[in-house]
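To keep things simple, chains are lettered A, B, C and D as they appear, and every chain counts its residues starting from 1.
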Amino acid sequence: MSANSFGHIFKFHSFGESHGAGMGAVIEGCPSGVPFSLEDVRRELDRRRPGRWPWSSSRKEPDEPEILSGVFEGKTLGTPIGILVRNKDARPQDYKAIKEKPRAGHADDLWREKFRHWDHRGGGRASGRETLSRVLAGSVARSLLKELCPAFRVMAFVRQIGNVFLEDGDLKTAEELFQKNILSETFSACFPHKEKSEQVVKSLLKAKQEGNSLGSLIELWIEGLPKGLGQPVFHKFKSDLVQGLMSLGASSGVEIGKGFSSAKEEGLTFHKSSENYGGLRGGLTTSERIVMRVAFKPPSTLGKMAKEGRHDPCIGPRAVPVVEAMACIVSVDHLLWSRLDRLKPGI
Amino acid sequence: MSANSFGHIFKFHSFGESHGAGMGAVIEGCPSGVPFSLEDVRRELDRRRPGRWPWSSSRKEPDEPEILSGVFEGKTLGTPIGILVRNKDARPQDYKAIKEKPRAGHADDLWREKFRHWDHRGGGRASGRETLSRVLAGSVARSLLKELCPAFRVMAFVRQIGNVFLEDGDLKTAEELFQKNILSETFSACFPHKEKSEQVVKSLLKAKQEGNSLGSLIELWIEGLPKGLGQPVFHKFKSDLVQGLMSLGASSGVEIGKGFSSAKEEGLTFHKSSENYGGLRGGLTTSERIVMRVAFKPPSTLGKMAKEGRHDPCIGPRAVPVVEAMACIVSVDHLLWSRLDRLKPGI
Amino acid sequence: MSANSFGHIFKFHSFGESHGAGMGAVIEGCPSGVPFSLEDVRRELDRRRPGRWPWSSSRKEPDEPEILSGVFEGKTLGTPIGILVRNKDARPQDYKAIKEKPRAGHADDLWREKFRHWDHRGGGRASGRETLSRVLAGSVARSLLKELCPAFRVMAFVRQIGNVFLEDGDLKTAEELFQKNILSETFSACFPHKEKSEQVVKSLLKAKQEGNSLGSLIELWIEGLPKGLGQPVFHKFKSDLVQGLMSLGASSGVEIGKGFSSAKEEGLTFHKSSENYGGLRGGLTTSERIVMRVAFKPPSTLGKMAKEGRHDPCIGPRAVPVVEAMACIVSVDHLLWSRLDRLKPGI
Amino acid sequence: MSANSFGHIFKFHSFGESHGAGMGAVIEGCPSGVPFSLEDVRRELDRRRPGRWPWSSSRKEPDEPEILSGVFEGKTLGTPIGILVRNKDARPQDYKAIKEKPRAGHADDLWREKFRHWDHRGGGRASGRETLSRVLAGSVARSLLKELCPAFRVMAFVRQIGNVFLEDGDLKTAEELFQKNILSETFSACFPHKEKSEQVVKSLLKAKQEGNSLGSLIELWIEGLPKGLGQPVFHKFKSDLVQGLMSLGASSGVEIGKGFSSAKEEGLTFHKSSENYGGLRGGLTTSERIVMRVAFKPPSTLGKMAKEGRHDPCIGPRAVPVVEAMACIVSVDHLLWSRLDRLKPGI
């Protein structure tokens, strides 16, 4: 029972408050001998860093990681990997008002009622900054995936922000990026479509100026995993990944393959194309592309506070590397778990 | 690490194959002193039993439960509660063909590849009959909820089957049932709307005759839980309940409150009404009504096999008591967990 | 968090009260494809059955197991293995007195205070009959060990009962039995020494007649495990096995290799012989013979109640198959876990 | 499944290598609102610090802790508490020889074989320095115990080093210290007996000079816990505490109350005095004093290497605060767990 741990075999323990000393993760269950270095962490952290876009939070965080344990001479030791990122641009004083008056739409009041004593500074542990720890663990997962499953490929991108939406016909660019293993960050707001990404940027800037915010939708693609990953009946690949994604703040829905629209389908049509399954059958991987979508509510920081700068008017773009991190963690966890499925020669 | 266990404090271990000796659950973490009897189990099992509707599976299962342990003189002992339901109408011979030829759309081939040695009879453990164990655990959870949280109320109902959908304006009857604590089973196919439920029954009978199947959507309402249930950051009420629901076979999506449609919203509008949150903020309960929806694909048993009788042409109606069971389990688990949140007089 | 579950990867959930419907176990984490049958369970249960010796409990239990799930056509499925043994010779009425007046030395009063509502009949779940579930899980572990580690060999035997003790010089017979893989049950009271076992039987009969009881010491030998099993720092082979043994009722001490006598040793002498380590260094297996000893208090049922028959005057002999079961479970759990230690070709 | 996590509700995750960046712990499950500060950590760390005695390791470690998260304005937040202690006097170069030639008696060779890639510097994670993390978690446990159970009292002391042993008649001073809540460190080598502690110091200095080492025995007393702590059947207070103690490096045995000598006892005598139970019956606390003993082998660093200084010739004295830390952690974990035992008014 650990509220702040995620995973079964490959597992991480997350800690840190937004305006405390720092954010960190202790990663367990990574086998020894995996090449891993600070560079692998930095690369992922940079993707998540605030202040990369004109419309995003102006918080200035270098997000420089330190590996505290578990890595020696460039390889993992099989012992817990501790990684710490200090909070540099913490400005607790900016948040004094919250102490007395919880912000509407946030969970400030709920945390206060739940724990009585709580850290009001920027949401404390309820801040989106918590997702940094997931990126730390995700960077280890990625390095391990390279060794265990070289064919593995993951890409998340933003498919919708407010009323700008990528139709199925708009996914050519996304497809190209995925094939070439290029990050969706190549496009503004991780929106892999030339014209529409420009529209999106406009909406975001406008929202920021007006103290408004926008909902968003992320699509996630995974390829290269072998058949049969996932553990029935409660830790199917499907249910574990969904849990990981729905533990993200502001997420309001998740679907696989045809998802919600499958509710209106007839079986004789639906089962003609395996694409509708989104790469999962019986909750297990089929070796086809996994396709999931996560919806995010518009952020609840609005009005004067939103204009002042240290907030994002939209979750989607900044959640992209976090969604990928969760996908890597679940994938590698289940890859390891699947080694125990059956008697094998040599086992 | 237990693929077949669910929950943290209130936890259950599920076992059983569809055509083996029986299905069962061992429930742990229920405090001692909770009134509980066979009647409490039977009531829930009856709701899930196959063959209750003309269009549903013709498998004849009395589903008579036996309490093996953990209950004495009508009350729980605080020890593991073992409950067993024997499979009576198992007809393994009906499934010989599957051994050689896995059924399309099912996970037969994936299980075979994963485990090599598998029970092909009616899906074995991959069968929908697995959900029986959840109902067993759910019946204990319900009894405990009565003691811990008398205000607790839960109702799941079918909101969509194929192209018949309940609009927001169609929910008056559902609302009445919920207020009066009446089961949605009062209506055919758990579709709480007089005219539309008749339409739905026609579609289902037609699908059955044609060897076709239909997708569906369940809506879940929970009321009466106190504020602040859920454990950040990975075991929010939201993420745990979603995981429980997405571990159900054929589920293809889940959403909370405004869900997917929140992706297109602007914050200044969205945050005007707390109803949009679906009773959860920061993933924690707000004490308002929790509203979730789960989508199910059309079942993959089609054609000749579907006509023969021992299959359902639609998941939704039979999943209703199972969805409620999962809701009860997650609710009671988090109620217990919340007792440990903070220092309290007397703790 | 499961009070009644043991193990990490190979894990079992135990349930049952002494005078309830039956005792059982749900075993998880056993890979698919392992040959396993009722015979494998029966063989172990027979060794533990009450009433096999003139001085032991007169409770007549056929202890006939039923496999409820997880096994198909003679092999495990990789799904949870449910096994049930019904209580036949339950005589709840014999224990009415306890309800009012907890037995001294037993934990009756503590259970009553802890749970308020408790099953007083023969100790309920606090009864030694609880160990039956361990033997069920142990029988699966044994079958899996045959496949994973054919060189594996385990033997427990009684080394001391009251004042009869096997000196180091008395272990020739034990050594022979171990080499030939013969059970220590070949000797009365599992005391593998011709003359001394006769002495022991006399003491036991005398104790029984007098309403007295005797302490005992079990020695456990394990061979054939590879080097390096165990997971630092909290789940060393040493600490997990010790936990398993000290969860047995009436156990009062456990030691490894030279054990307590190592406290008075000097390093320069002690470290000359690796035998002193008892097959474990740094808590990990060295591939040498593992040697542990567990002490048991004299049972607390005394006087009139002890004479009447349904109790054992000594724990040791009946605990032998249980100690072996726990050794098998810990061994196989750590064998599986060690598969995840490092990157390997093919993983 | 976490090799480096300990506890159920109150739980900690340990990380760090002896000559890496530092040692740390992430503590979960501590309720919010518990007064806790750096001082509480420092006090305990100081007791464990190397170099406090003339005969102990000359490694100079200030062991200055930093609280990274989970504490705000002097009280716990109910979120994970991260604490870090940097390694300052790491001298990796001193250990180059080990890389090629594992030290006899240590687990160097086993770790190397297990993980292939390992940190040879001073044992890496297999070093006794790992116990620092336990002291970190123990300091939080202590602070929580003060609030939950003001009557709680714990004292560990060294009862034997080599051939100097405290007889039952020698325990008056220990008793006084315990009554007055004074640390056993008041006496050299935590040996609470004026004359005998002088003898002990002589033996230790002699051993150090000669490159020899000595075995030892620690006794642990706990008082003030309520009746009925511990969770049958696998997480009895007894088995959890024993597991914690036997996860310590070099521990070779543990016993409770009369322990091993109970093996030779007759029940009619043994059960006359409840003192023989060591404060535990049925594995649960009785509210009487808990008495346990842990034996430690003589350390395996011998000869030239032992003389050079950065090693202890005896485990016992330095393990005293660690044993107390484990006792605090297990006590508080079970105190919290017991809140869930039964239905209570208000729960």
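Just so it is clear, contacts are C-beta pairs under 8 Å (C-beta built on N, C-alpha and C of every residue); 3 or more make two chains touch, one makes a residue touch a chain.
Keep in mind that this is a model prediction, so the values were computed, not measured.
Ranked by how far their CA centres sit from the centre of chain A, the chains are topped by C. Two chain pairs, C-D and A-D, are compared here, and C-D has more C-beta pairs in contact (counted per touch definition above). Separating the CA-averaged centres of chain A and chain D is a span of 39 Å.
Separating the CA-averaged centres of chain B and chain D is a span of 46 Å. Note: centroid distance chain C to chain D, computed from Cα atoms, is 27 Å. Looking at chain B, one finds that residues 1-5, 8-9, 14, 29, 32-33, 78-79, 114-117, 125, 232, 341-342 touch two or more other chains.
On the side of chain C, the complex with chain D involves touching residues 1-6, 8-9, 14, 104-107, 110-111, 113-117, 125-126, 130, 160-163, 165, 207, 210-217, 227-228, 231-236, 238-240, 242-244, 246-247, 249, 251-260, 262-268, 270-271, 276-278, 281-286, 293, 295-300, 302, 306, 313, 337-338, 341-342. Interface residues of chain D facing chain A in the complex, by the touch rule stated above, are 1-5, 8-9, 11, 13-17, 20-24, 26, 28-29, 32-33, 66-70, 72-73, 75-82, 84, 114-119, 124-125. Per the touch definition, chain D reaches chain B in the complex via residues 1, 9, 29, 31-34, 78-79, 147-148, 232, 336, 339-343, 346-347.
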